[in-house]
Structures are given as C-alpha cells and as structure tokens.
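Here come two complexes built around chain A, the first alongside chain B, the second alongside chain C.
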Partner chain A sequence: MTEIQSGGTAIDEMAPSTEGMNGSLLSVRDLQTHFFSREGVVKAVDGVSFDIKPGEILGIAGESGCGKSVTSQSILRILPKNGKIVGGEILFQNEDRLIDLATEDADGRVLRDIRGKDIAMIFQEPMSAFSPVHTVGDQIIETIRIHQEVSKEEAHDQAIEMLRRVGMPNPARNIDEYTFNLSGGMRQRAMVALSLSCRPKLLIADEPTTAVDVTIQAQMLELLRDIQADLGMAIIMITHDLGVIAELTDRVMIMYLGKEVEHGTVEDVFHRPQHPYTRGLLASIPKMEPGRVEIEPIEGVVPNPYAMPSGCKFHTRCPDFIEGVCERHEPPLTAVARGHEVSCFLYGGREALE
Partner chain B sequence: MTETTRETDMNERTIISVRNLVKYFPIEAGFLRRQVGVVKAVDDVNFDLNEGETLALVGESGCGKTTTSHCIIQAQRPTAGQVLFRIGDAEPMDLTRMEKEELKEARRNIRMIYQDPYSSLNPRMTLLQIIGEPLVIHRMVENQDELQERVAELLRLVRLDPSTLNRYPHAFSGGQRQRIAIARALSLSPKVVIADEAVSALDVSVQAQILNLMKELQTQLGLTYLFVAHNLAVVKYEADRVAVMYAGKIVEIGETEELYTNPRHPYTEALISAAPNPDPDTKYRERIVLAGEVADPGNLPGGCAFHPRCRYAEDRCRQETPELIDISEKEGQSHLAACHFAEKLELTGIAGSIQREERENA
Partner chain C sequence: MLIYILRRLLVMIPVTILISIIGFIIIQAPPGDFVSSYIAGLEAQGDIIEPELIDSLRARYGLGEPIYVQYFKWVSSFIEGDLGYSMIYREPVVDIIAQRLPSSFTISLLSLILVFVIGIPIGILSATKQYSLADYSFTVVGFLGVATPNFLLALVGLWLLFKWTGTVAIGLYSPEMQNAPFGLAKFLDLVGHIWLPALIVGTAGTAELIRTMRANLLDELPKQYVTVARARGVKPTKLLYKYPLRIAINPVISTVGWLLPVLVEGEVLVSLVLGLPTIAPVLLDSLMQQDMFLATSIIMILGILTLVGTLLSDILLAIVDPRIRGAV
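Moving on, here comes the complex of A and B:
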C-alpha cells in the first residue's frame, strides 16, 4: 500500500538517457500512469510518447477518460494520491540539465523549483488556482519571490506588468483585489498572469476555455496566441474541443483510452485524418459552415475503464474493425507521412504479427 | 412581431406563443432584506413556437434563455406577460394565469430535458421507476404489466435495451443516461419538448448520437422542440429557427441558415465569429473578439444593452433601446433584429466556406 500513496514512482533511479532530445524541451517516452483503487487498476495513460520543442504549441485532444489530463498531471507530478507513474520517462531540458521528471521525488527540491517557474499550468477553474483569502497581487508576488531573488518592490512591479500584459483593465488596482471580486473572464486573465509570472519555458493549459462563454473563450485564445508570440514559451493545450485545437495549435495528438491514436500537424490530422477514431470524431462535430452538413456519430459508448477492451482499445466501436487482428493485438504507431503517425492496423503493423 | 387583434389569437401553426414575457428577480440587501434593485433576467420576450419545428434559444450565460424556458413551463412564474399554449383546435390557454391543478394537462404536453443526466436522474430509482413515474402520476397505465410494457417500448424508442429496465442509472454512461432522460420526457407523448443544454455535458461522439436521435424522434413523433443551447455549431445543426438572446432580450430571430449567413445584429455576428471551427485553415481568419463581458442583468447599461461591447455603437445606441423589428428582404420570410442600424450595417456571417473552396481549387 505504501508505494501507492504519495503519488511516488515505482521505477528505479536511473540516469536519464540524453540521446535523441533533438532540441526538444520536453520528451515524454512511453509514459504509463495507472490508478489503483479497490475496484482494480485503471491504466489512465498507457504508453504515451511525444516531444515538444521550445516555442511550439502542442494540442492533446480526446474525450473524457482518454488520459489527456492525467498526462499533464504526470508531467508536473501533481497526480491524485492513488495515481502513480509506473513506467516511462518525462525528460525535461532545463538549461543544460536533462531531468527525468518521472523519477524525481514529487515533493522534492528539483520539482518544486521547476513547478511554477519552468513549467506552469493553467486550469479550467481559475478559483482552484488561487487562494480566496489572499489578493491576486500577493499570490503573484509570492510566486515571483519563491523563484527569483528580487525585492518586494521589484516583484510588485513585475506583477503589475504581467497583469497589464494579460489585459487586466486596471493593473494597479486589480493587484490588490481578491479573486472573488473579479468576473469570470478577469479571473482567467489573472490566472494566466500568475502562471506566466516567472516566464516559464512550458505552459500547460488544461481545458482553460471549457467553463467560459464563447466570447470569453475567444478572448482567452487571443490572449494565449498573443502572449505566446510575445514571450515565446511552449504550450501544451489540453482540450476536448477540436475547434480550440484547430484555432491555436501547431501539432496535435489524439488520445483514446490512455493510448495515442494519431498525431501530426493540425493540417494533417484535420484535413487528412487516418485513424478511424479521429475520422469519427471529426465527423461527429457540427460544423459552422453554410448549408446542411450531416454529422455521423461514432457508434457505441466509451468502454468501462475497469474492463478495457483487448487489442486495439477502439475495436469495439470501430467501423473498420479487422476480425482476428484488432481484438487480439495492439496496433503499433505507423508513419503515414512525415511527422504524421497513426496506431491502426489499416496502415501497417500486421506483417509483424505473422 | 405580428400584432394580433385579440389577445389570445394565435397563428394556426403556432403551438406556444410567448408574449411580452418578463421575469424580474429582486436584489435584496441588508438585515431587513430590503429590495435595492432588480435583475432583469427576461425583459419583454416575444416569440412563437410553431408545430413540428425546432426553435433554438442561444446566448451566453445570464442571457435569460433558461429562465425563459422555465417561465414557459411555469417552473418559475413570470413577472408579467403571457404564455399561450394550444392543443389541437382547442382555445389557447394562458399558462401564466393557471393554478397548479389546471397546469397538469399543459405540463403533460410540455416536457423538459436537462443538461446533466447525472443529477437529473434519481440514483435510487430503476429505469422502470424513472421512466414510469410520469405514467403513474398521470394515471396513464392500469396495472404493472402495462407499465412494464410501456417503459420497454420507450426504451426501444431511444435505442436502449428494454431488458435493462430494472437497472439503476449508475450502470449507464452519460449518453445512455441522456437517452433515459429523453425516454422519461416522452413517456406522456408530449407535443413540445424543451431541451435545456441537453447535449452540452456530453462528449462529441456521444453528443452527435443524441442530436441525431432527437431529430429522428421529432420526425417519428411529430415533436416540437425548444432547444436552449450556447453552442452555435450544435444549434446550426439542430434548429430550424434561432433566437439570439442578450441580457434578457431577443436581439435577433430568424431562420437558421439565413441568420448564420446573413446576421443583422452585431452580437450575432460576434458570436458566429468567436465560435471555434475545427478547421485549421480558418486559424488566421480575422475574428471579432468582443471586449469586456456579458452585461450584468442587475445593472444594465442604458439604451441598447449591447452598446458597451459593440464596435458599431453610436450615440443613439447609448440613449435609445432598439425595438425588435422585421428586416427580412425576402418575401414570406421573417427575420427580426433589435439594432438601430440593422439595415445599414454590413455584417459577416459564417466564414470557413470561402477558404475551403480556395483550398479545393488550389
């Protein structure tokens, strides 16, 4: 039981492999994060790999239960108590040091230094990022002073500057306000200011536009685009909304039940989707286009996480199911074009089975 | 709005006519709970719901779309106005003036589906009890066998396995639960179904299933839908007509295709522009990003409530509240907008199509 608690890691301490970072800022390799409960084990993330380069915007998309949020919680090591990284590497290039976030102590010095400074996160619900009993400014100043050796006055000026950058109407006044006095849209902006206050190299945005109205969502996307162009950090955008992915990101990874099913540039994935699940997802979204555009749902329901299907996780709902193959074997990732990979037997991998 | 001669006159295709509907909530403050103001949640709303159509009410949070639907079914009593409802050739009845007992008949014919199928279904009741409850209350079945048979039939109607009728909601996924909620709503063979954000909480693949199911049921059973939603793409797919609400008022209403391709109110234009499109080609399109936030219905700006966020606003907009007037150019079409400059402004509708054609030609 003890090893399950504390969100610790099971794999042995080992030196991260330095080869093949290829200029990536973060390289997640074969990540496996499982949840342990009385009912059994949920393989929330089951062998996911991706890289992100400095200044790049990567989208991770999928429906509920696909493991997109658990992936981001694994990177920052903020998993719930019964969640545990059981395999894989999360390599982070911090200046000239290569750190494997998967094996570091979740409460240790290294991660505490990285969290909020080099890798920051914004959440769906801004109230959960802030303390209700401290002013916005106090919290931003605290974050700055934890990570940088600056005076209170200097931190105060930096905080005002950051609030100005995220478009707060009156930064000098807003800095002394409590979050419950701010409107929903302003809270979102304040949260972005807090997360960017130490100029992180990587910003993880977990469904930041899901709970807000469409006009506020548009403001938020514009803000992220502007601030990314301005500060040049990399962004991982986690969302179920493929519209948001298309509007913001350069590359996208589509997940289903803890597995990566397809990844590529947004143009490749949206215009030339290959995996039956990606095609199904895109076909089920109503389009903002003139004329009648029919939608086609994906049949069936997402399987119970305690009773995962064998073989390809999508085979139970797949219109292109190959009997004798898909339910028995897990499809490998196959490149269909440069930088466009799909895990589906329609595109290869069957030869290796014979 | 077409002025009618008698106050209960209704267009023959109309099943529900909402007239001058007003719902104010008092703002109370202090120890004595003295009223210090009002929240104008719904402020003079007029529309007709025609038999067999789907009319969508769209808008952002706080615009009054849900309150409007609650006032129709009298879950909340309106402050003023009429809700006329007619079954067949009978005299229209004004639901706002009816007592609880009298409302029973109307409520049998107007049913609701809610957003969250996790909270709208009682976890301690089986499907038989959940779906059968309205049948028992309205004495529509004689005995247990008939009840079972009717519930099984309803489950088949929403494409669920009828053998599951003794199971509890926890055994079902979100999409399946929403099917159960639909089965319950349809149990009394209603004329009108009000769907309040009925697909908003669902994943897209499942959302598509429910949207198509609702359309099939509409054709099969001749239902009329009032579809309350905030997602413009979903509304475009589902609705025949759309009413856009802002700060308690309808700012534009018209046929779906016409409203999306030729919006006449700046707010509609902004909503259409802000809706994210799952097409990377539209990534660099020029978007209208509205400044500020939705007007506070407890403290509305003077004149047109939208003017502080409107990029076309002029002096007149700050002083005069615009009326909802018919601006349709085509014969026999009705397209109303509440904007002083509705006829002058050149507004942009759905983009995307142009870029798509360009790509295909390239």
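Moving on, here comes the complex of A and C:
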C-alpha cells in the first residue's frame, strides 16, 4: 500500500478526520480487476493503489489498454458484465462512514446512493452519454430527484442553475433540448452539468477531452478548473494526453498494463521522470520548437493482454532492460523522493531478491 | 407535425391511384373476362342466358372497350361506393366484404395483441438474461415458430383440441350459434373459438418479434447512456425500462402499421383449414376464378390498409422518438 503526500491544494476544512484514511476521500488499495472471457483472463487492473484527498486533482495517464478507465469503472462499480474486482479495497470516506466500494453489491442501495451524488463521472462521448430520446433536462432532473428530496419545479430550477454555471448560452431553453440539437462544446458542458448536478465530492473525468477538438478541449479544461475552484470537489482526471495532465492536475500516476509504474507531483514526474516508460511517454510528445520535428516513439508494441510478460511488464520494450532481473521479478515501488515513487529495478529493490 | 401528416396524406393520393392502376392491369392480364367465365359457368349448369343480360353487363363495365376506358368506368363507380358484382358469390362485392372484413379484423387485431403481449416480454427476458437456459429455450421455440407453416399449426391445433376436449374448432361459432342474434351467449361462443386462429396467425409474428426485440435490446444495453444512467444512481428496473427499452422498441413501433395488412392476407391457409369466414379465402377464390371486381376491390382495400398503416406507424414513431420528430 502506498501513502502519497499531497501537493498541498487540498481543501482542509472538507476533510473528515478518520484514522487509517489519513484524511483521504478515496483510498484505492491494491485493486485488482480482471476480465473473464472464453479466450482467458485479462488482468486489466493488477494491483493499483492511490489516495485522493478532498479537493485534490489526480491525473491517471497511460496508453490505451493500460487499465485507467477500468480503474474508474471499478470505483463506481459500473464494470461490464465480464469484469470483476478480484482483490483489493476501494475505501470511500462518506461523511463519517467508511465504505469499501469493492465489496458492496454493485447495484445495491449503498452504491446507488453514492453514484451521481457523492461520486460522479464525466464520460468520453457526450453525444452517447445522454439518451437520444430524452431531453438533457430530463436526465439532469432525474439525477437530482434520485438523490435529493425536492419537487420537480425545484429540481428544474437547480438544473437550469447548473446549466448556467457550466456556461450554457441559454439554460432555460437548453434544458428542453436533445443532445442531437446541441453543438459538440455544448454537449460537453451539458455532460459536466449532469455529473455535477448533485455537487459530488469526487468527480471522475474519463478522457473528457479525447473526443473533442482542441478549442473545445481548452474550454473544457478551463471549465473543470473553474468548477473545481468553485465547488471544491476532488477530481480524478483520466487521460492519455500528458498535456492535459500538466495543465490541470496536482499529482499524476502513470500506468502500464494494469500496473502503476510511477507516481508523484506533476513537477516531479514531468521534470524528473524516472521510469523508462514515463521517459518514453514524455519523449513521444511532439515538440513545438521550430526545427525539431522528431518524435521518439516507444519501441515495440503493447503485448497481447492474454499473454502478459513475466516480471516487469515493460521489460519487452524497455531500453534499460536488466537481464536476469526484469523478466523474472516484479519491481516493487521505490521512493526516489518525497511523494515520488517508481516501480523499476533501476532505482532499487534488487537487494530484496535474495 | 400537422403539416407533416397533411403532406403524407397528400402523397397517399398518387400512390393510391398507382396501386389501383397496377392492381387493375394485373387482374385484367389473363385472357378472357369475367362475363365469359360467368356464362361458361352458367351454361355448364344448363342455364339459359338471356343475351340482354350479357349485353347489359358488358356495357355496364365497358368490357370490349379499351382498357383505360374500362379502368375509368371501374374507378368512377369504385369512388361512388359501387364495388361491382361478384360472379362467384352472385352478390354485390360490398356485401361480401362487409360480411367478412369484421371477422378478419377481429382475428388480426387479436393476434396482433397476442404477438405483442407474448413477444415483447420474452424478447426482453432473452436479452437481459442472454445465454441463459431461458434464452436458449426461447430461441429454439422462436426458430420453430418462424419455420413452421401456419396451416400446419392449424391442423395440429385442430387435432390436439379434438383429442383433448372432443370439440371441432372449425369456424368462429358453434353450429347452433351460427344464426343466433348477437348477444352475450354468442359473444362467449366467439371468444371460445377465436383464440385458436388468433394464436396461430400470430405465431410467426411472435417468434419474429422475440428475435427483433432481443437483438434491438442487446444493441442498446451496452451503449454509453445506459452506463451513464447507472453511474447516476438510477435503479436497475428503471434503468432498463426508461432508457434502452424505450429505444429498442422504436423499430417495433415502426412495423405495427404494415403488420395489419400482412395479418389480413397472411391467414389464407389458416382460414381455409379452420373454415373461418374471413376475407383471405375470398381473395384466393376470386383470383382463381377471375372474379375481377371482387379481386380488385380486396386488393385495393389491402393497398389502402398498407398506406394507412404505414402512416400510422410513422406518426407513432414521430411521437415516441424526438430524433424523427426533429426531422419531420
């Protein structure tokens, strides 16, 4: 288990003081989520741990298929049918109750009460996130009325207020519109309004900027930052875009094939990347400097999920591969600085292997 | 919306005219006409035909004149409500249709209701419990239902009923009720008889609906708006009914309208086997014996039913689906 010290943006007055949680809002500990199919078992998330404090913004980054989305689906327990949490804990500090989301009934009362109210999620495709045959307002009002005992009129007013807050141009009219009538940017805003409708303590944003163009992406990040400053909720930002991470988050966790490879503050990870995979990811970002157009991609391809490499999962593509060690043993997390940990044998952990 | 309906009604006029032309030409296509087959029939029975009758019949319907003259004569009397005279039944066509259309409609409507009441819940069950024992069983039953000819089911039904209860389920009424005035007793007698044809006529439709419903729902269930609704804390039952089911059922609604004429004409063999006083066997007879006015009239009615049914479907679909409503 890892305890990460926060970068200091936490809003302390919101933090409940419970032992073991160290003031964290959510503590994911050694989470293992596997997918079972006829072809075999995919260990989509294989022992991931992180904490998030109230008001903090955590980034989770990695290539497609590294398990970042599955991590977020595990937290809300909205995994596809063949996905199962097979180990670990997802501890959520709800008021003065500590709930292990991993062991609750997926569609039971406890989780249903938390979903949309305490933990909400922004999805990648705002177009398909709304039902095409219901208005935007219908779905926002529904969410409000599930979680709060308010009249229809009151919920309607709250929904308009939330649409106004996310910058919809004409909330009173937009509330009765269908998503196919809205522009891409407005759909994104409606999606944010939907997830914020009950002012969640934790917002999980799963690739919210992937399906939109660059201008809307910038607006989206600005909106999230504003809303966060305004409502003070914690955010888990899931993306493959390191630019988004640098722009928005306090801390970042880099994942590769269901494992955490490095975590630390954005400062640490971007300026002093330690893990060869993190370094590779950063080197593969196109630079804006004139005259330097070269991109250095990471060698090789992501391994077949049904035939995972032994030892360190990255050893098949690693430029710093240590023969006889990396393919045999899984590297433990090693602290390289305060709050900056790496799972790589380059930084230690070899002593522990007899 | 109102403009849309009016526009659609306007479009129906040329289509109806086109149906009447095509129907008329096809019925006229075989050599000879009904008067000659009528005379042949009468002569075969040894009757003597007065030449005046023949001439008046020919003149009335313009036989021997160019086909477009015949067509216009027929159309103008059709519009006036004179559907012509049936040679086989020796009755005005209007009377035959008036006698038989109500029972056709009753059976069709009942089987349509049965199709939905049975098909939709089973389809939902099959989709939500995909690959379960129930799903597999209904899949097998469904394929059997699609593949078995209705007339065979009718025969099997007759036989089973006779075996178990000793009743012969022919016709819509028991022989002793046939000519009784319509009342509670006759109604109960009708209820006792009509369920078998309604069930049999609907079998294929039910089986198809199960498959359609299952496939549509399976398409919708993994969609993101379902996951999002789940992530908002919506209850599992509401999650199913309010979102994916609502969308999965739209294609079904769009087929309701044109199911009506299909049911009316689809029961030919069942009606023959079960001796039902419906319109379908009459259509078959009239076509085989070149009973032109009867055949064209029934075809026109089926054509208009199809048009009206399609319009009804489209209106229904526009009511339930805002995406369609936005486009009309």
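Quick note on the criterion: the second predicted complex is superposed on the first by the 330 of 354 C-alpha atoms of A that agree within 3 Å, B and C clash if a C-alpha of one lies under 4 Å from a C-alpha of the other, contacts with A are read in each partner's own complex, and residues count from 1 in each chain.
Here is the rule we use: a residue touches a chain if its C-beta (ideal position, glycine included) is under 8 Å from a C-beta of that chain, and two chains touch if they have at least 3 such contacts.
Worth saying up front: this structure is predicted, and the values here are computed from it rather than measured.
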item	value
Combined model on chain A: chain C and chain B, fit or clash	fit
Contacts of A:157 with chain B and chain C, given as first, second, both or neither	neither
Residue contacts on chain A - larger count, chain B or chain C	B
Which of chain B and chain C A:244 touches, first, second, both or neither	first
Which of chain B and chain C A:284 touches, first, second, both or neither	first
Which of chain B and chain C A:133 touches, first, second, both or neither	second
Touching partner for A:125 - first (chain B), second (chain C), both, neither	second
Which superposed partner A:147 touches (first chain B, second chain C, both, neither)	second
Partner chain in contact with A:107 - chain B first, chain C second, else both or neither	second
First (chain B), second (chain C), both or neither touched by A:180	second
Smallest separation in angstrom, by C-alpha atoms, between chain B and chain C in the superposition	9
Contact residues common to both interfaces of chain A (with chain B and with chain C)	none
Interface residues, chain B side, partner chain A - complex	60-61, 173, 175-176, 203-209, 211-212, 230-234, 236-238, 257, 260-261, 270-283, 287, 289-291, 293-294, 349-353, 356
Of chain C, residues touching chain A in the complex	222-225, 227-236, 242-243, 246-247, 250, 320-323, 326
Touching residues on chain A, where the partner in the complex is chain C	76, 78, 80, 107, 112-117, 120-121, 123-125, 128-135, 139, 142-143, 146-147, 178, 180-181, 194
Of all residues in chain A, those that touch chain B in their complex	63-64, 183-185, 213-219, 221-222, 240-248, 266-267, 270-271, 280-291, 293, 295-298, 301-302
